[in-house]
């Protein structure tokens, strides 16, 4: 197994684990953490698998740079909405997803 | 958290792992090799670092839209903290001050200030031929701003300051202008003539660095204020 | 020779011009933005109309960005579908913008006013970027731009409900685009390219391609709000400002659908088995039934219209099933295209009319509409006309669309889809007449608010065009076939 | 051999940090583990010969996102009426 394939597989595990957490959690903040880890796993697959049995490929690396900026923009937007929502209602979950 | 939800999630997670794992392990070497095309294209791109060439030449359109994404996030952030906005009625009395004011942090920030600016400039300059570039440099600038703010210094309310507004926009506006200008000369969008390409890219990266830094900082600073002093 | 070149310049302009207006409206946010916004709308309309005209005359137009040829670079491509959707976007976008400009501003809405226009133009640019994209990763960035600006438009609508709807929508959008990106990552690993056309040429049925297509399909179905992944849509569409609801129901869900359609027809067509196509169609039939049923029983008028969107999305997927797994794909293509166009026009008209009715009555409840027929007959008429198209009564666009799909289903011997199509029409008739019936009841008093005349005009024009498009369907359909990924297609 | 060991340990470390960030009871600890995760990913990018991405990940992925998350969690924690898990 090449280093690249190994990290792609680590990416697979990260995506699967964080997807599970994304579905299991109702706390919006935790779902956001899961989204970020899922994104990172996805990026590892993108670069790792493309470079497996190949020379280092700058194209997926550049795509990941774009992806990281998009992810941080989305995360920031979600956090702002979440903080507003929390300030207005005192909740950290969506209305239909109260466990209590 | 109920049992059924956890069980479903675990099942989904395992299913996804099997699917993805199967796909990753059965992958064969692809028919196209863009890295070869890329190596051929770099001498015509005006820069030597391949990543910069991809981000600001071959796939510069992606980068343009990506800056637009960042701008949208900032606009929404500003919209939701606008004192005249729809949410001004939301009670914020529950919030307390989150500013950490330890003297150590404050003096550390002062010491770090020139160092971080230097780092940002270095990263920007390095981007032309080795790892680095506008995004990393912008992030360092933003980090500087965040440290500045966390250490108790005020940057001022973001939405009201017209000047910051313009700085925020300048990166995207300059990029957009540079992208569109080529159409006037009958060339495709973003097709800069070779002799100017290097210069244009450096200029765009410089403006973008400041703009990205301010945007990222704006996303941080325009989160609802810990204490709404105007209220 | 020069003319197609001029035409091809329209492709980047369709994206750059809205972006420019996003910047302009952001630099100088003002209370009365009319004279800043109108030139933007006019140039946007002109560019998209020109693009449509050029495509109809010269066939598929391609613009190679930065002069870097694919697959190293990115190209913009306007086929019949792309340029028609761009034209439709500019028409519906302008209509919704006019509706917004005619909205009287009070203290509550002024704050949002500053930020509405930059987001609106970003949103328009993002839609055009998706319609004209020919690169898998570029589609991803376009989709994210669209998703975030749409979430922003929902969030600034005001109130805690809007925040909840925006958050729910954002989570769905982020998960959907991440699934899509995972699929793209696998396709890049498998084929070494991101250009849709170059992958289409070499796509082979193997595990990695199947998994990639499954992820892309799942992600894009979530973003299109295909049943049973639709839960985010009704609240987001119902809670927004009416012009935003109209834009989202008419266009946003179609962006991810068109992406899925392109990927399926280019990459998936030789790989997707008929049973998988039937599965997608079954979900579509489920959407028709569930959306129609929910629309019948919701007390809130905008929730009713939003659930109608869930149902109408179902028709798109039934069309896709017939396209991929039927023996009359040409008929299915025509029906599908017409459904895209007719539903966009009818649903935007319906949301705008519903907004007018709600403003007139001062309540969101269907039951409170009693007596409104005499007070705001124009809006109600527009609502009814749009309903005619959604139900699929002749001679509307909705009728022609469903008729073509029906013929395709019967020609393929898959008449179970015919049951879904006709049953869906009956459900639609049910909820439309529920609204009309409530409106024609005797009112208790004359406590209606007056609404701007311009609102009625905009909604009525959109509703009329959703009817007219059925009468003159052959013209648009000929353009929509340009560059269509069908065996007998002209290009 | 040593790099192989490093890769294996780093991969496991990534998964463990991710699990911690996803499932730890305390939100604050979850965010700290997320930042640790980001820094470990930066190492993985270096192993994948992607120094640009490593820089961006450390600065944006771990640094900036981390700061955003920490700020938000501090806000949520202080004002949360019922500490939720």
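Each chain gets a letter, A, B, C and D, in the order it is written, and its residues are counted from 1.
Throughout what follows, a contact is a pair of C-beta atoms (placed from the backbone, for glycine too) under 8 Å apart; a residue touches a chain by one contact, two chains touch by 3 or more.
Predicted model only: the values in this text are computed from it and were never measured.
Asks: Using C-alpha centres only, name the chain that sits farthest from subunit C.
Replies: Centroid comparison gives D as the farthest chain from subunit C.
Asks: Counting C-beta pairs in contact, which chain pair ranks first?
Replies: B-C
Asks: Calculate how many whole Å lie between the centre of subunit B and the centre of subunit C, each centre taken as the average of the chain's C-alpha atoms.
Replies: Centre separation, subunit B to subunit C: 29 Å.
Asks: Round to the nearest whole Å and give the separation of the Cα centres of subunit C and subunit D.
Replies: So the centre of subunit C lies 38 Å away from the centre of subunit D.
Asks: List the centre-to-centre spacing of subunit A and subunit D in whole Å, with centres computed as mean CA coordinates.
Replies: Their C-alpha centroids are separated by 11 Å.
Asks: Any chance you could list the residues of subunit C touching two or more other chains?
Replies: Each of 137, 141, 144, 148, 151-152, 155, 160, 163, 182, 186, 188-189, 192 in subunit C touches at least two other chains.
Asks: Multi-chain contacts in subunit A: which residues touch at least two other chains?
Replies: In subunit A, residues 9, 13, 15, 17, 21, 45, 49, 52, 56, 61-63, 65-66, 68-70, 72-74, 76-77, 79, 81-84, 88, 90 touch at least two other chains, as defined above.
Asks: Quick check: what residues of subunit D touch more than one other chain, meaning two or more?
Replies: Correct list: 52, 56, 60, 64, 68, 72, 75, 79.
Asks: Going by the touch definition at the top, which pairs of chains touch each other?
Replies: Chains touch in the following pairs: A-B, A-C, A-D, B-C, B-D.
Asks: Looking at the complex, which residues from subunit D come into contact with subunit A?
Replies: So the residues of subunit D in touch with subunit A come to 3, 7-8, 11, 14-15, 18-19, 21-23, 27, 30-31, 34, 37-38, 41, 44-45, 47-50, 52-53, 56-57, 60-61, 64-65, 68-69, 72-73, 75-76, 79-81, 84.
Asks: Which of the residues in subunit A end up touching subunit B in this complex?
Replies: 5, 8-9, 12-13, 15-17, 19-21, 23-26, 45, 49, 52-59, 61-63, 65-66, 68-70, 72-74, 76-77, 79-81, 83-84, 87-88, 90, 99
Asks: In the complex formed with subunit D, which residues of subunit B make contact?
Replies: Touching subunit D: residues 51, 94-96, 98, 123, 131-133, 135-136, 139-140, 142-143, 146, 150, 216, 219-220, 223-224, 226 of subunit B.
Asks: For subunit C, which residues count as touching subunit B in their complex?
Replies: Answer in residue numbers: 5, 9, 12-13, 16, 19-20, 22-23, 26-27, 63-68, 71-74, 108-112, 114-115, 118-119, 122, 125-126, 129, 137-138, 141-142, 144-145, 148-149, 151-152, 155-160, 162-163, 182, 186, 188-193, 198, 202, 206-208, 210-212, 214.
Asks: Which residues of subunit D touch subunit B in the complex?
Replies: Against subunit B, subunit D makes touches at 51-52, 54-56, 59-60, 63-64, 67-68, 71-72, 74-75, 78-79.
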